[in-house]
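Shared between the two complexes below is chain A, which pairs with chain B and chain C, respectively.
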Partner chain A sequence: MGDYAVPAHFLLSHIVRNKIIKPKPITTKTIEIGTKYSPEFVCTPFKYTLGTMIEGIEEGANILIQAGGGCRYGYYAELQEQILKDLGYNVKLYNLVTAGTTDIKRIYKIMKEIDPKFSILKGIYYGSITKKMIQYMDHIDHYIRANIGFEIEKGSFQKLKWQMLKDFENVKTHTKLRRLYKKYKKEFQKIKTNKPNKTIKIGIIGELYTIMEPYSNYELERTLASMNIEIKRYTDVSYLLFQKHKKIKQYLKNTSEYITYQMGADAADNIGRAKELCIEGYDGIIHIKSSFCTPEIGAMPVLTKVCADYQVPIIFFSFDINTSEVGIQTRLEAFYDMLEMRKKNEKRISRN
Partner chain B sequence: MKKGYLGIDIGSISTKGVILDENNQILESSYIWTEGNPIEAVKRLLKELQNKTKDITIYGIGTTGSARKLIGLMVDADVVKNEITAHAIGTTQFYKNARTILEIGGQDSKIILLKDGIITDYAMNTLCAAGTGSFLSSQSKRLGVEIEDFGTLALKSKNPVKIAARCTVFAESDLIHKAQVGYQKEDIIAGLCRSVVLNYLNNVGKGKKIEEPIVFQGGVSKNKGVVKYFNEILKTEVIVDPNSHLMGAIGIAIMAHQKQSKTPKNLKILDISFETKGRECEGCSNHCEILRIYKDHKFIESWGSKCGKVS
Partner chain C sequence: MDKIKIGIPRALHYYYYKDLWKTFLEELGCTIIISPETTNETLERGKKIANDEMCLSLKIYLGHVSYLESRCDYILVPRIDNYGTYEQTCTNFLGLFDIVSNLFTNKLLTYNIDEAHHQTEQNAFIKLGLALGKGKEQSILAYQNSKQKEEKQRKQKRKNEMKKLESNNPKLLIISHPYNLEDPYIGKTIKEILKNLQVEYINGEYLIDHKTIQNSTKLSPNLYWKYNKELIGTIEEWKQKIDGILFLTTFPCGPDSLVNELMIRKIKIPHLNLIIDEESGSAGIETRLESFIDILGQTTK
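== the complex of A and B ==
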């Protein structure tokens, strides 16, 4: 998913002796395979991950690790394992998350099964490096998102990021990782941009997989950047793994006039974020999800209400395997025009 | 010689063109069927407009509609913009205080909410063509009625039938059923017009606050039956401009005017050959559909590559 294959590969290759196969980037072929063997009305992340699994198996993988939970994604591993068995693939699929929680003892057992010589100390050591690596990556990504739309030399952010990920793959110690992070942070800040004082700022919220895998949202962030828009997005792996349990309580408290309970996955988080974006003065909100994503469908009417109360425009996109790119383009363009017109007339409206 | 600004709106079903003068008033307009070939349609459209306007020099061109990008390249347009913005700008030119624009076209339908001439919210139908012009035109063929007579026939009905409005496939089978049990043609047609309105309000207009004044436009606004049911269901009068089908073209012509181009445009593209060739790239497993555009047999641009390395 996105660039997170790098830390995942880093962690596994250091703690087990098995050969780790890097997943290929998602392409049209991945999704074609995934769709062929998936139930028709399951949400798109199922199709993407199944496609990736089959591509991995064809490359020689015989152990697959899946981590997911929160919504019906929690049952996907079992279902996918059954589909793979029916297709005649003899593989073992481990799900690290059960019933929405991670049980350390269970994970230890799984790791022992995968590699009997698995050492818990090594696991903790490299686990902590990986955690830091993900946090550093997400920090850098935040900076990139706010600035990439204004880079003078096109592609300079992306190029530097690839170089950074390549260096991250080879670290062995915390010190080395921290030094690399500091070095790249400086270099990212050195990239020349022509950011004006008043830019159009958009917040992206929605279902986590579609947000984090650029292929599945038709490179939404890249398209927005090409329109010179500053982007803020909350969902990343650091958030899901390390911040969510704290943040969600805060979100529920802040949005008590709209919701009382959590609604599964990130639905309640997104309502909290929408309110935050409105208050912080963002010009617009884009909500994206894969088709048939139940928690987000539940959040949509509430989001409409929040945005109506604060008079901030919101637009909803549902991505499926057959979504027409031209249709997305037209709606995004219109959304941008609308925000631009509103911005120009901000003073006039506030006077009335 | 008068100065003129040309706006072209190339939709899925029809192609519209207008020429505006310095004060954004319509000098000439034209409305023809696209017939699945936007390039030929635009050539015919321009020929028609040129025959009508001998003493006008064009100083700006804008394109909108689903073929805007291709035609924009072909006519060397100053502005290429989506139809939502174009419709809003065109409408506010004539109805300064309009609050809601209802638009039903051939393949898509949209709702635009405005305040003080600024778009505040909009929605567009997704995936499905239920309740759009193409559904009405395919049903008119099935019933053996000219689409132009559809509205007048609908007005004659005293007892419109109820038709399942959610989905065109269900609507069509429901329609066949109603015909087979012997309903009058005008009752069925009236029911169809009503179902278009209900479908529109339930899908595109869902959750949107429709405030007056309401302007109804797009090709379907020419259908008196649909207008009648909008009035009935919204319990108010919707405004239908005599040029309601041209609003997109007018809007884009206004935007072309705003560009204030100093050089006159050459409209000799009628004799130039213009074609696109599609192929599937075999470079990786993405299999992108690469479109190459040739003007006068010379390659000018390509679209569709995901990696940007292939043209």
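== the complex of A and C ==
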């Protein structure tokens, strides 16, 4: 999923002795394969992951690991394993999360099954490095997202990021990792940008897979950056793994005038974020999800109401394998024009 | 003092808990208004309010809620999260209360069942009673009475359904959420067609008892949706006695999309997967059902 293949590969390659096959980036072919063997109206991430799995198996993988829970994600593994079996592949698929809860004992058992010599100390040690690595990556990503639209030399952020990920792969200790992070942070800050004082700021919220896998949202963030828009996005792996359980209570409290309960997956979180974005003065909100994502569909009427109350425009995008990129582009441009006009009007009113 | 009028939408939860609610609320001295059976108009009304990606059953639900608006003091919209970590419900059931409260201005009556976090059904009903201004003891008593009565009715239904299993006609087990099969808009035509074809159809929902959930783990060990678990448990339990299975679901149901697909891949009984959406006409359904029953008749001979 996005760049997170790097820390995942890092963790597994250090704690088990099996050969790890890195997933290839998602292409049209991946999606074609995935769609062919998926049920009709399952949500899109199912098709993407199934496609990636088949491609991985063709490269020689025979153990697949998946982590997911909260809505339909938690049940993917069982059906996907059956589909792969019916296709004649002899593989074992493990899901680290059951029924939306993470059971340490069960994970230990799974690791033992994968590699009988798995040592728990090693697991904890490299696990903690991986955790830090993900957090550092997300910090840097945050900075990049806010600035990439204004870089003077096109592609300089992306280039430096690839270099950073390459270096991250080879670290062995916490100190080394921290040093690298500090070094790259400085280098990122050195990249020259020409950020005007008043830029259009957009917050991106929505379903986690579509947000984090750039291919599945047609690289929406890059398109926005090319329009010189500053982006804020909340969902990343460090949020999902380490902050969600704390943040969700806060979000529920903040949005008590709209919702009382959690609504599954990230739906309630997104409502909290939408309100936060409105209060912080963002110019617009983009909500993206894969088609048929039930929790987000439930959140949509609430989001519309929040945004209407604060008078912040919101646009909904639903991504499927058949969604036309041109259509998204057109709607995005229209949305952008509208935001720009609003901004100008605001200025005029304040001048008078 | 006038009795409190409570509106109950005839959709989703209604088909699971109608007996329980009826006794409970009447014992606490409330009047119940149940929205009339689903018609085309209900769906149209629901579609206007709903988001177009919501599932058909939810659109129908919203149509019913919209009918009840201004006809009662409260509308009963429960939130049912889970009956334990491995017995969760669909995310629409989690979000239902908040969806309705944001789409309508009517006062809502609600209770929350979340047994993974110690919010049991009894607690929830006591709170419901308190919200109606009744005492704690009275609520407990009403809850226990209604639970007993519900249990009795369930056993009776199960007995009737078991009798059908002894029939000589082809026997078809229908795996479908009750809010789909028993809804007149979705399930009525199907039932009629099956009756005309002289098929003995068995409603999987009525066969459920306390052992059913354990049986489901044989077919799918990691499944964590309560309602689906119960339904597929009946397949495992009665597979020797039935000739075919009909999977009936609405478009685009989240849990069903995965569970039914897995079942179709695992079981070796003739089956038909029927997906109903807003546009499905009865003629198409009839043709498919007829040809399925034809095949069924040939295989059983």
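The rule is simple: the second predicted complex is superposed on the first by the 346 of 352 C-alpha atoms of A that agree within 3 Å, B and C clash if a C-alpha of one lies under 4 Å from a C-alpha of the other, contacts with A are read in each partner's own complex, and residues count from 1 in each chain.
The rule is short, and it goes like this: contacts are C-beta pairs under 8 Å (C-beta built on N, C-alpha and C of every residue); 3 or more make two chains touch, one makes a residue touch a chain.
Predicted, not measured: the structure shown is a model, and the values here were computed from it.
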For A:Pro313, is the partner it touches chain B (first), chain C (second), both, or none of the two (neither)?
first
Please work out whether A:Arg72 is in contact with chain B alone, chain C alone, both, or neither, and reply first, second, both or neither.
second
Partner chain(s) touched by A:Ile231 [first = chain B, second = chain C, both, neither]
neither
Pick one for A:Leu277: touches chain B only (first), chain C only (second), both, or neither.
neither
Quick check on the superposed pair: does A:Pro301 touch chain B, chain C, both, or neither? Answer first, second, both or neither.
both
Looking at the overlay, what does A:Lys29 touch: chain B (first), chain C (second), both, or neither?
first
Output check: A:Gln82 vs chain B and chain C. Expected answer is one of first, second, both, neither. What do you get?
second
Given the superposition on chain A, which partner contacts more residues in chain A: chain B or chain C?
C
Quick check on my understanding: which residues of chain A belong to both its chain B contact set and its chain C contact set?
301, 318
Chain A contact footprint on chain C (complex, rising order):
51, 53-55, 79, 81, 85-86, 88, 90-92, 94-99, 101-103, 112, 220-225, 251-255, 257-262, 265-266, 275
The residues of chain A that touch chain C in their complex are 39-43, 46, 71-72, 74-79, 82-83, 86, 95, 98-101, 258-265, 267, 291-292, 294-295, 297-302, 305, 318
Can you list the residues on chain A that touch chain B in the complex?
27-30, 301, 304, 311, 313, 318, 326-327, 330-331, 333-334, 337-338, 341-342, 345, 348-349, 352
Counting only contacts in the complex, chain B reaches chain A at residues 66, 81-85, 115-116, 118-122, 124, 126, 207, 284-288
